[in-house]
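First subunit A sits with subunit B, and in the next complex the same chain sits with subunit C.
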Partner chain A sequence: MLGEILNTYYLQIGSFILINIMLAISVYVPLSSGQLSLGSAGFMGVGAYTSALLTIHFDLPIVIGIIAGALAASALGVIVGIPSLRLSGVYLAIATLGLGEVIRVIFVNWDSLTRGSVGLTGIPQLGREILEFARGVGFEPAMIGIKNNQFVFLSIFLVLLVLVIVILWFVVRQQNSRVGRALSSINLDEKAAESMGINITYYKVISFTQGAFFAGLAGALFAHVIGYISPADFSYHRAVEVLIFTVFGGSEVIIGSVFGAFFLTLMPEVLRFVSEFRYIIYGILLVVLMAVRPQGILDANLLKKIKFKRSKGGIR
Partner chain B sequence: MRGLNKKLFSILSIIMLLLLAACGGGNTTTDSNSNKSEDGVISAKFGVIAYLTGAGAAYGEAITNGLKLAQKDINALGEVNIELVIEDSAGKADQALNAAQKIMSDDSITAIIGPTLSTEFFAVAPEVDLNGIPIMGTSTTVDGIPEIGDYVFRNAVPESLAIPAAIKKAVERTGAKKVAMIYGNDDALTKGGFDVMERTAKEMGLEITTIETYQEGQSDYNAQLTKIKNTNPDLILASALYNEGAVIMDQARKMGINIPFVGGNGFNSPQAIAIAGDAANGLIVATPYFGDSTDPKITKFNEDYEAEFGKKPDQFAAQAYDALFIYADALKRAGSADKEAFKEALAATKDLEGILGKFSFDEVGDVIMDVTVLEIKDGKFIEFE
Partner chain C sequence: MVIEVKNITKNFGGISALKDVSFSINKGEIFGLIGPNGAGKTTMFNMITNIYEPTSGEIIFQGENITGIKPYKITEKGICRTYQNIRLFSQMSTLHNVMVGGHSQSHSGVFSSVFRTKAQRKEEQLLIERSEELLELVGLLEHKDTIAENLAYGQQRRLEIARALASNPSLLLLDEPAAGMNEKETDSLYDLIKTVQSRGITVLIIEHDMPLVMKLCDRITVLNFGEKLAEGTPEEIQNNEAVIEAYLGKEEDEVDA
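So, the complex of A and B:
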């Protein structure tokens, strides 16, 4: 029964949706303090390469690789964040975009370590490692009536789902805390926030670093889901794509990022039947939606309208 | 606060339910294993993953056109009946993997052709291999492709076959001792080609005067070329795609560098002549496909292709055309569309006559065939003597 409804194709798309939700959140969090960061592709690359190299060369467990990847990305976030947060708005966007390109070019040129543009092959796959582990403790996928590769993708999907839920929980909790209110006050008016005694630099670095952490985490997971990475995966196209997730879905509310990533990842797959034209439709859709709803599909007003009743304060 | 969390969880669970519900549809496709119809014609379905949208869509289009033409010709022969299921990869590894999963979720698929780029292939092939489905690359020339697994094959002539052939012939004729190298280091194809060039030059005992790199989309190569000119080489090994390579040659000739260039697979295109004009003279490439050949098989292919799609075929279309004939031949010998039998038959392919010449697989599933070395002379590709 279970074996029939679990299609690896859908599970795979589901996994990519969840990874993209993480990436969209990595843009959303800095944006909630008024910082437009386009470095997500670069941070994602740092996370992916760190985790992949550690697991390939030192045989470390994937979990440690992923944590190390996310931490490496956030460390870079702190280092880069402190000086570049003097910038704001479009200048910060350009600086972070530049950072992403620098990181990609390092991957391309650091041949001895990253194998250049040919990329890293043979990265341990998350699902297969879980399968081996499950077998080690005496569990066979056949026991619940599913095939091995269904189990592999189901386990990836569930791991990602849990992680996304934890991240969402964390971000929402933070938004309604002292930190979150500090961030949104910085977003609304930096000078006013500062005169209220909020340490702007501190909070900005916090939100920037959180963005870097989520992007690094998503990158590390991406590497272990797909099993192969090359610098082309982390080009500025990726940064723009991630930004579109957030802006399209609505950058004012976190559910907007989730929706944007979900919808825009699913869209090209649903449109597969029109083959060559699917990206044309995708493009037209973006143009129309940005013309009609520049604030993104979901915003605070709309959420209120559709009776999204919740305690006052709400998500921002 | 609590209510909000509840909302989030409920939305996520709805998303998940939707996904799971959607899963129901996929497996209900044709489950008929009766792939042999009454008149003895073996039917099989092949999945194709190609780069059909995005910057490199021209490659995917040439490949799918080649396959469609081959499908028509093969089905007309009446021995086997082939159905193609074509999916787009948009040049991205994750999209290619999605396409592969979609194809593999249909149990009646016998084998897969593609994806187009080596960077997509590296992501897709291990997964396909684990599922026990044969997969063949028609345009993936980087080292290490067929080594991925038992079910992984390729009929694209790898750089490690084409480039050494071209360099050897060029050195034989020009007596070159010193070579300079230039390559695009942010593209897997040109980087892979460079690795082979460097290895070959070292094996042949050539002195490498300098190694220069450029970035994809660069338009001014004067800095690199000045350096190359100062080291006074006898030959330039350029691992470049034709659009950048042609500009490099043009600027080199303007600078007074008149020595021959040796290029890889990506440099081999009539477009190089269209872009660089006379400056393209003296380019030496090795290729399995020589478009201006007088071989009747090739002229017929060129004519058919042009009649069907209104443009001239290139190397990628020709290789894709041959690929489907290799599959058809294996299918005939396997006698059924069973994946295991098909894989065994495919691996045993030997001396199959395609439009590009005699074709065999070696023990890992890599291609064995002769390549022709071409040069551009007076604005035309001719066979290198």
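So, the complex of A and C:
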């Protein structure tokens, strides 16, 4: 029964959507303190390569690799963050974009470690490892009526889903607190925030580093979901794509990032039947949106209206 | 003595915005800083809060030299200000503006905020109570959920004062709080500043509304072209010839410009 419903193709798209949501959040978090960072592709690459190399060469469990990847990305975030946070706006965007390119070029040229532009293959796959673990404790996918590869894709999807929920929970909780108010006040008026006793450097580094962490985490997961990575996966195209998720969905509210990543990952798949025209549609959609709704699809006002309607409906 | 400003000079390029200005304020005083436009009054505020560092001179606050320390640390030590051109967090609610003002009075970090520890929840509750109490003081409690930019002009000025008070300052700096206010609003501002004083907070105020300054201040320092022209009680200032000349000698620098 379950075996008939589970379509591995859909599960795979679902997994990509979830990874892209993490990436969109990695842009959203620094942006919520007024920092436009285009470093997500670079941080993603650091997470991916760190985890892939550790698991391939040292036979470490995937979980350890992923955690190490995310931490390596955040360490780089701190190192790069402290000097570059003197920059703001477009200047920070360009500096972080440059950082991403530097990282990519290192991946291309450090042949002995990264195998250059060919990339790394044979990265241990998350789904297979979960399957082996399940078998180790005496569980067979057939017991719930699904095939092995269905189980693999389903387990990846569920792991990612749980992680995205945890990240959302984390970010929302943080937002509705002293830390979140500090971040948002820096975004709205940095000078006034500082004269209210807020250590702006500290909070900027925190949010920048959190962004790097989420990007590194997404990168490490990406490596173990796909099983193959190359420097091209972390080029500036990726950085721009991720930025578009956040800007398209609405950069003022976190649900905007979620929606943007969901919609823009799904749309090319849904539009597969018009083949090459789909990226034209994608482009036109972006141009129209920026013209009529520069703040993105979702913003605080729209959410308020939706909530208001719902509560009115509730009374009836 | 709460604060002692000692021989402050500030040069921007070749221009001196402040030249060797000194004054000191006693605890509990309302101290006025007046002078024609461009006299260096706001620059003096920026020196005290170290938004700009003075070229030379020292600022001693409660016996401690605070010259050159970071602005957020100055707030932590007990000096908070408002701005001449209102600088609220325009997209935040009135209540949240005041709660940001209470930042230095609270301590929760990322971890305790995300996990909502007992201490964090207690602190947050206390912060809300204190902020609401301050909103009541400035008469904005009923607007606590209004987005700051939707408040009327006079209300925004009062909110800025509440936000500054939330940092629990010993010295409050007000930069033209009555600017753009009508007579009725100015009257209630007077009452508000007097209440602030009665809570033991020292006030340093820049203001162009002379009747208000004369009624409100215990002592006044007059600046003109970056130099200290006079200092004294309101009566002394009103009868000081140099001051009269500075104000009336040039028509474009009207008193309440």
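Everything that follows uses one rule, which is that the second predicted complex is superposed on the first by the 307 of 316 C-alpha atoms of A that agree within 3 Å, B and C clash if a C-alpha of one lies under 4 Å from a C-alpha of the other, contacts with A are read in each partner's own complex, and residues count from 1 in each chain.
By definition in this document, a residue touches a chain if its C-beta (ideal position, glycine included) is under 8 Å from a C-beta of that chain, and two chains touch if they have at least 3 such contacts.
On a predicted model such as this, the values are computed, not experimentally measured, just so you know.
Visitor: Superpose on subunit A as described above, then tell me if subunit B and subunit C fit or clash.
Guide: On the superposed model, which is not a single observed complex, subunit B and subunit C fit side by side.
Visitor: Classify the contacts of A:Leu161 with the two partner chains as first (subunit B alone), second (subunit C alone), both, or neither.
Guide: In the superposed model, A:Leu161 contacts subunit B only, not subunit C.
Visitor: What is the contact status of A:Ala232 with respect to subunit B (first) and subunit C (second): first, second, both, or neither?
Guide: Touch partner of A:Ala232: subunit B, not subunit C.
Visitor: Quick check for you: in the superposed arrangement, does A:Ser88 touch first (subunit B), second (subunit C), both or neither?
Guide: neither
Visitor: Looking at the overlay, what does A:Gln295 touch: subunit B (first), subunit C (second), both, or neither?
Guide: In the superposition, A:Gln295 touches no partner, neither subunit B nor subunit C.
Visitor: Applying the touch criterion given at the start, work out whether A:Arg278 contacts subunit B, subunit C, both or neither, answering first, second, both or neither.
Guide: After superposition on chain A, A:Arg278 lies in contact with subunit B alone.
Visitor: Thinking of the overlay built on chain A, is A:Ala193 touched by subunit B (first), by subunit C (second), by both, or by neither?
Guide: A:Ala193: touches subunit C, not subunit B.
Visitor: Figure out whether A:Tyr9 sits in contact with subunit B (first) or subunit C (second), or with both, or with neither.
Guide: In the superposed model, A:Tyr9 contacts subunit B only, not subunit C.
Visitor: Who touches more of subunit A, subunit B or subunit C?
Guide: It is B that touches the greater number of subunit A residues.
Visitor: Quick one: minimum Cα-Cα distance, subunit B versus subunit C, in the superposed arrangement, integer Å.
Guide: 11
Visitor: Just which bits of subunit A does subunit B share with subunit C as contact spots?
Guide: Residues common to the subunit A contacts of subunit C and of subunit B are 173, listed in rising order.
Visitor: Name, in rising order, each residue of subunit A that touches subunit B in their complex.
Guide: 4-14, 16-17, 104-105, 108-109, 116-119, 121, 149, 161, 164-165, 168-169, 172-173, 176, 222, 226-233, 255, 258, 262, 268-269, 272, 275-276, 278-279, 308-311, 314-315
Visitor: Which residues of subunit A touch subunit C once you look at their complex with the stated criterion?
Guide: 170, 173-174, 177-182, 184-185, 188-189, 191-200, 206, 300
Visitor: Which residues of subunit C touch subunit A once you look at their complex with the stated criterion?
Guide: 49, 51, 70-72, 75-76, 80-81, 83, 87-92, 96, 99-101, 103-104, 106, 108-110, 113-116, 120, 123-124, 127, 163, 167
Visitor: Subunit A touches which residues of subunit B in the complex?
Guide: Interface residues on subunit B, with respect to subunit A: 1-5, 7-9, 11-12, 15-16, 19-20, 22-24, 26-27, 52-54, 57, 86-88, 90, 92-95, 97-99, 101-102, 104-105, 118-119, 122-123, 126-127, 130-131, 142, 144, 148, 185-188, 190-192, 195, 213.
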